[in-house]
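Mind having a look at this structure? Questions to follow.
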């Protein structure tokens, strides 16, 4: 960390900064130039907030040299994390395609969808049972009943299941059923929840918040990793900008940037990132071409009657066509589609 | 709600929309023009998500006429909600000034600050005991010990206390101590938490999310109101934009817009909205001039040693100067500063 | 255009709206429901600003049904515009790759770059001679001397040249030399310039403004088309958002959205859209996978000594590797790389 | 300027940076620490783009210490610039209120408006004659005829006139008529235009671009100042964000930030910054309370029939009420409303 002092900083102010650095257990490297005095703070700086120094008198600007996260950083972990899920892996050669409805609505709906996405080449099944809805008047999910239906769909198809968790009080219930805990965009900085999933050993799909920076996403991943849970995947799902032609703006740049900054797998959600079924396939292709390790896509047998997110859900036949294209692009990228092995059934999962 | 059909929509598609409207318990008003067919859906539409209709075939666009919130809307509640807090009120003639440190750090820090802000003219005391920190390595708050210190500060000064709640599991603990539950920006769409505070009868200060629209803020208020808790104040605390000269961008427009759309009191937080102590007073004045019902301001006796938010915390003497200016602007606006009466002490609060 | 009246609008206010519609030469379609009165305005509404009606008393909201642009719209021109450039075309089967330095700096620099990008598979050469620089102290370009150097590079390689125009006073000079006039992001709403290039018959590459919506980009294209110049390509080059990890945020969604809304070719500029050479290839691949008709990429033989944009410029060998990948993705998309034919040399261009 | 090298930078890379610094005519201050090597570049660095160093191999990050603008900076010009306009000044004790219609439409319209705003307490008259319109089909302004009408209105009221210039080819015509040249938001980075107005000695009102940072606004001012024209006022007019409840988001923070960074006067445009007549007065009050030196406000005798911006235009009586409140807030701020003296009439202006 470099603390650049104001041109007119007094020796007392410089001294105060140095005292603070030492109190933080760091070493000091002082450099007094004609134009400016610069004070280096050397050591374990990633855990120290910049603001602590920015608020000192005489300080012009504080510049981090090392990143504020460590466990998530590729700097300290150069190799890709390759996450075993269910006979396949995420983060290595294989491309995971997670698909399913926004909400679990009924037995027939989830079983029908699971069979369809399995047939089309999906490697995992998604489905919401606790729904974060902007309006208190909207459908809020089936709860545990939905989890049982998902487990049944898994039994029938061999697909592992990915389900959103909304609160730390749901942890015990969720880990009993699900293969991957999804932390949604609106909860990316629900730090109590992050700590709770960090204490489990269940895989986590952490979605970027609507207006979270890439650095903040990595800081949230750090919360989970710091709890001892190394099974974390990151998910770009579109950010909020001024553009209203689409529901969100896919930050496609985030894919190569994340692959550069972290060793964790990176997934793209083209459904939320566009909000329109018509644009999902194009953005899914773009994501894999940009280097993403997988996709999470909303599929519904009858989007016009979906209780939520119908507008952005693909019909199974469109999803199947998309998976075919994804397979071709994966090949150019030197990769291939993941195939679930139904391992948990043999092992007696849960 | 108006559903505008595509130019080439078929009669079957029009019929499907009409069937859906009826299934939602609404009345249909069909208008077939040369250029377009428009279908009105009349009734209790605020609880129906637009997407349900947007995903139907042949639909061009869906336009809401009434707002998607009802309890928060001024349309159904034209008079200002005037919230009694502690001998003073928020939302009426009085301007509330809530002040205190970002975090409760120690007994001497919080008592000293409480006495100073009381002296300067504050009407309530703020202080965090559970801290939502971007980094897992940052100070996370004193927890219940902090609540006890705040209660002691209240005892000494007569100032009611405003404290952030981060999770529904903290509800029982918090309502025992605090006068106003603050829901922070990062939790504005933590719907489990909103429902939990909606079930209490403690006053709530609901902060706008970093990238939440004004409508989403009102929808979150609706969650609390729908739970039966009518004691809700809204708080503009700056939004995230491309500008980096300040920590956030104060959406000053939100003040008159909210006063127009809702009957709930509107508070401004100039500390988070700017992130710099140097700009807090200017933005505080602007907020009151724009029609805000109060302010929440970070004050610390020694900002350079604050464990959090030191950069944006005012020293007590600067805060006192600011309150003086606020009082003058309040007068021009036909208002006056609120003064706490220490009512809870007489009543045996908690 | 639908004008939805407020619930309490008076008959006089409704009448005033109707009078205004008729004065605009439009037909009226009145629909009076229980909940709301809706007035349709039918005819050539694309040239009428919404605000004209929004400001009338009693109006709740005005909703456009048809788009505010016409010549650019796919609605009125369903087939792709296929633009012949120089023996190849843009907007059809072929993928154009425009490459070259940000600024023309010297004879050797531009000739060397032109030969290198030609060798690597580029179909056109870019190079700036008038530079829009944020700082008045930065290099402002070689002017006409630069145009002569570009013409010489074209002579040597057979690559048509794409050059940014910054002001309508440069028109005569520019059309004498260049094959494609580039209108930069900062000039996307320089309406005098748009009108001036609309009066030429030279091809135009119109870049999206940093914070321009997709609709505004199409309105700016409409200015050029309305002048009679049908040779317009659109270019996504990244938008400004809160994310600072990259120079801009590539709005990859804009590719399929534009292909849906307009018949004009769509080009992606991954250099400005990311601002980092390390991310250019990933985003270039994503663009072609999302359906873009071409790329414009900054290439410099010695980025570290480029007078501008060195950070985002590819070295020729990295560019060559990128073109190879683009060719493979093009094939999956049923397309192929364009190859310049040096036609202008045979025809005596200009 | 501080160049922080990567942890693994080689001595050759450090040497290359030093060579480049010397080639730029700067002095080198080398500081080699355990954790990082930092190279200071000392001298006239404001004219050197950061990217020149960011693109060098081995460089981690480049940090400016001094600002990239100099003439606009308060650092080199601590006292406020106080701009004489017409018997009154901008930037000192007086608050300028510039008011008038978006577009000059007719003789009666502009004369009537001028008399009304003069009567209400305005200190200058605004009116557009060349209009930057998003749509090529919208009204584009009366041109020189409009200038003559404005001059007549000035003659009748003694109010100096503020008119937008859209292209450098309009310079000669404009300086013949107008007292203040307005450079609009869409032209803030039309560098040819900035240079052209920099060569005049007419006062300039420079509006911030829709997505321009505060630093970019100051860099654009620097273009004008570098041309020798010191008579520059800056104008905050709202920025583009995700919020759609208002046309733009007033960046009220920009007022104290600009007053801190620059000596130039700062004006607020509450009309464009909100886009709704209902919110203009609240935001105007906020601007003056935040420390703005003046306002520019759209006023129209009949907003419902305005050819442009009717929705955000105040009727004269509402404007008069607003000016009264502004006068009261000015007083609290130790300031007073400016009054035009019609000086130009005595001096034979133009």
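A, B, C and D label the chains in the order they appear, each numbered from 1.
What we mean here is this: contacts are C-beta pairs under 8 Å (C-beta built on N, C-alpha and C of every residue); 3 or more make two chains touch, one makes a residue touch a chain.
All figures in this text were calculated on a predicted structure; none of them were measured in a lab.
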**OP:** Identify the chains in contact with chain C as well as chain D, in label order.
**Re:** A, B
Original post:
From the centre of chain D, which chain's CA centre is farthest?
Top reply: A
**OP:** Tell me which of B-C and A-C has more C-beta pairs in contact.
**Re:** A-C
Subject >> Gap in Å, rounded to a whole number, between the CA centres of chain C and chain A >> reply: 32
Subject >> Whole-Å gap separating chain B and chain C, where each centre is the average of the chain's CA atoms >> reply: 41
Original post:
When you check chain B against every other chain, which residues touch at least two of them?
Top reply: 211, 240-242, 244
Original post:
Where on chain C does chain D make contact in their complex?
Top reply: 16, 46-49, 51-52, 54-57, 68-69, 132-138, 166-169, 186-187, 189-195, 209-211, 216, 219-220, 222-223, 226, 240, 303-304, 306, 308-311, 313
Subject >> Of chain C, residues touching chain B in the complex >> reply: 2, 4, 27, 29, 31, 33-36, 38, 40, 42, 60-61, 63, 65-66, 211, 240-242, 244
Subject >> chain D residues touching chain B - in the complex, by the definition given at the top >> reply: 211, 213-215, 239, 241-246, 249-257, 260, 273-274, 278-279, 282-283, 285-291, 325, 328-329, 332
